[in-house]
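In what follows, chain A forms one complex with chain B and a second complex with chain C.
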Partner chain A sequence: MHISNGIINGPVAGVFAALALAALSFCVLRGRRDLDDRLAPMAGLVAAFIFAVQMLNFPIFTAGVSGHLLGGALAALLVGPWVGALCVAVVLVVQALVFGDGGVAMLGLNITNMALIGTAAAYLLIAGLLRVLPRTPFGLSVTAFVSALVSVVVASQGFVLQYWLGGTTDLGGNLAGLAGTMAGFHLLIGIGEGLITATTVATVAKVRPDLVYALRALKPATPATVPAVGGAR
Partner chain B sequence: MGAGHAHVLYREVPSPVHRLAPEVKIAAMVLFTVAVVATPREALWAFAGYAVLVALVAALARVGAGWLLLRSMIELPFVLFAFALPLLGAGERVEVAGLSLSVDGLYGGWNIVAKGTLGVLASLLLAATTTTRDLIVGLDRLRCPQIVTQIATFMLRYLDVLVGEARRMRVARVSRGDDPRFLWQLRGFAAGVGALFLRAFERGERVYLAMLSRGYSGRMPVVWRGAGAATAGQWLAAATVPVTAVLIAATAVVLT
Partner chain C sequence: MRNRTWGFVAVGLLVALLLAGVVSSYASSHPDGLDSALLKGCTVDAEGEITGGSCPAQQEKEHEVGGPLADYGIAGIDNDFLSTALSGVLGVLLTFVVGGGVFWLLRRRGPAGSGDAGEAARDDRQPAGTTG
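Then we have the complex of A and B:
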């Protein structure tokens, strides 16, 4: 759901750009503390992975946006909310600058929806669900699936809010219809995203549980075992 | 990220635009896009002016019109939306060829097509004239926080790792007797996504440790940052395009 130039008016885009800049600055501050030798390559790979899966685009004709996998939940699970939001934001910036996917002037809106709202919703759910669900691989998979699904739908409603605030064309009473279309499509996309996130995180957690940020954050007492690098195969 | 790491959109030809420092091009592109978006949609002539600017830069950068058109297909969903708007929009309506169309919707559709296309063309021109390495050096010189350039560096580097690993896994699957055709590849691919991620991570981790042992400290080498930084002349030369765009936008705002 990259918003292209001209869909939302300038002032609203400006306000959201300022909002996104402030939030990302905070993420930079908190993310610096998180980013160690183990997280740096992981952050890069998560960003590359998200970049690759966002190439799968499904156009939503009646809403003027394309729907695709977002990766916010995957990022929140594997590298934490702060670095995770930065990863998604970096993907969006590079896509806008180089591929023309999503307008440069609309970056603030896109970052707010996908990097900030998506990752925040996912992380809140992850933190809650991991406390409630049993600490089993199945519990982790369910957490990943649900948080991915919900985060995609919530992020899609961010666009509806922005369109309500500053859509360039008055759709009359069709705003509820827009919200419904966006939610419906992104429910389907969310199921796909949930499955990918769950399988990926489950595999990583099985082989290298030390790499899953969400599991690390919950049990800080256990000393992290550093595996022999490159010896896992 | 040495030689040979240019991305698919980069056009390897010598031109004055290619020789400009990357930070200059990024700044010019962003300013140009903002000027375009700030233009009132009723000022049709202003958009013609922007199109002329884009065409001039494309000619100067020796980027062909066919290539630009083909690559701007990414915008297609938005264009389709733009065509739907006149039918969906509210307010005053006009009759065109037997269809009752909303005036606001027509302007809205035009707004999206014009601003979207100009934005896409501007970023394609940046992509065609700047390698990925230069892009990151440019962001670094524009005072982008180090953690962000670091993530971007690894992202672009690991994209190749990810693609390479996916190809190896596919070759392995095919050589074991799997015969995937078109959509049916998806199943085999989906089942292997977790494994792909892990394999790419382990390869990427080795790349990272190799970089560390060669003295990588989370920043671009100082030599890169210093050498080739934009001169005042380059800033001035590149500023002509966005400044013209800003002037057009300002005139359009005053006139409408």
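Then we have the complex of A and C:
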């Protein structure tokens, strides 16, 4: 979902670049509270893993359209929302500067959609779902699937907002058409995102539950008599 | 404890390298959801070039940097599999070094409540920025 140069005009791209820079600075401030000797290498791994999986475009059963992981939900689950947004941002910067994927002038827009909106939407859902769903592998998988799916659709609407503000082609007032197309495609892509996120997080939770940030940080709504999985810190 | 985390990271990195270095060659080459949405209204040929109609993607401009690794290949390597695989491996390592390095520098130091302060001091001799 990387925006190429020329799709959104310069002034709007500039405003979003400033917005993204401010938000990422805040993520650094808040994320430092989470970043200890265990989380730092894990965050590097999460960034590298997201880069790898973003290369794996999958078909979405609509002729000629593919999708790939955005990674916001995965990062939020494994390293938390603040460091997670930074992980996705690192991937987007590397992709724009080295791999020609997403214009450098569009970086603020892309970081806003995929790193900030995607991760924030995912973590809000994760925080809600993990408190009400049972602390079982199934509960964690459902949380991962739903939060990943919804975060992709919400992120796609971030682009629609940006296009409304500064799109370079006049859609003839048919912004709703673009919004609908984006939502439809990304609902299907979101299913793929949900499956990848749930599989990955369930695997990490099985091997090393203490490395899943969401299980450490979010306590169940009703105080359980048994300590939460990986709750010791 | 600390060594176990680094062990997990090493295994995870290996998985990422396999995905980017091997599986990536089997990825779909169709335009993604955003690019497809922006092509609505235009007709495209087999190479994905716009042949007619009117759509937002027509306004697309060249990337500012490009570079030898642009579009997840390596300039000068004709073998598609090798080109994609090597660019993927380089990308994973680069992302890990940049990301890991930044996060390692940003991390909280000193006693963090639990008894891993001594281990933190010991770990200072291996900054992530020098790996890879």
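Throughout what follows, the second predicted complex is superposed on the first by the 207 of 233 C-alpha atoms of A that agree within 3 Å, B and C clash if a C-alpha of one lies under 4 Å from a C-alpha of the other, contacts with A are read in each partner's own complex, and residues count from 1 in each chain.
In this section, a contact is a pair of C-beta atoms (placed from the backbone, for glycine too) under 8 Å apart; a residue touches a chain by one contact, two chains touch by 3 or more.
All figures in this text were calculated on a predicted structure; none of them were measured in a lab.
Under the clash rule set out above, the superposition-derived model of chain A with chain B and chain C contains a clash between the two partners.
By the touch criterion defined above, A:Ile189 lies against chain C but remains apart from chain B after alignment on the C-alpha atoms of chain A. In the superposition on chain A, A:Gly103 contacts both chain B and chain C. In the superposed model, A:Asp37 lies in contact with both chain B and chain C. Of the two partner chains, both chain B and chain C are touched by A:Ser4.
In the superposition on chain A, contact is made by A:Ala202 with chain B only, not with chain C. Using the contact criterion defined above for the overlaid structures, shared-chain residue A:His68 touches chain C, although it does not reach chain B. In the superposed model, A:Val150 makes contact with neither chain B nor chain C. Judged by the touch definition given at the top, the superposed model places A:Ala214 against neither chain B nor chain C. Of the two partner chains placed by superposition, only chain C is touched by A:Phe159; chain B is not. Overlay on chain A, chain B versus chain C, candidates 24-32, 42-50, 96-104 or 150-158: the clashing stretch is 150-158. In the superposition on the C-alpha atoms of chain A, the part of chain A touched by chain B in one complex and by chain C in the other spans residues 4-7, 28, 31-32, 35, 37, 40-45, 47-49, 51-52, 57, 59-60, 64-66, 83, 86-87, 90-91, 93-94, 96-101, 103-105, 168-169, 171, 207-208, 211, 233.
Only residues 1-7, 28, 31-33, 35-53, 55-60, 64-68, 83, 86-87, 90-91, 93-101, 103-105, 156, 159, 163, 167-169, 171, 177-178, 181-182, 185-186, 188-189, 207-208, 211, 233 of chain A touch chain C when the two sit together in their complex. Interface of chain C with chain A (complex): residues 1-2, 4-6, 8-9, 12-13, 15-17, 19-20, 23-24, 27-38, 40, 54-67, 69-72, 84, 87-88, 91-104, 106-108, 112-114, 116, 119-120, 123, 128. Within the complex formed with chain A, the residues of chain B that make contact are 7, 9, 26, 29-30, 33-34, 36-38, 41, 71-72, 74-78, 80-82, 84-85, 88-91, 104-105, 107-109, 111-116, 118-124, 126-127, 130, 132, 135, 145, 147-148, 150-159, 161-163, 190-191, 193-195, 197-198, 200-202, 204-209, 212, 218. Against chain B, in their complex, chain A makes its touches with residues 4-7, 10, 13, 25, 28, 31-32, 35, 37, 40-45, 47-49, 51-52, 57, 59-66, 83, 86-87, 89-91, 93-94, 96-101, 103-106, 168-174, 195-196, 199-204, 207-208, 211, 229-230, 232-233.
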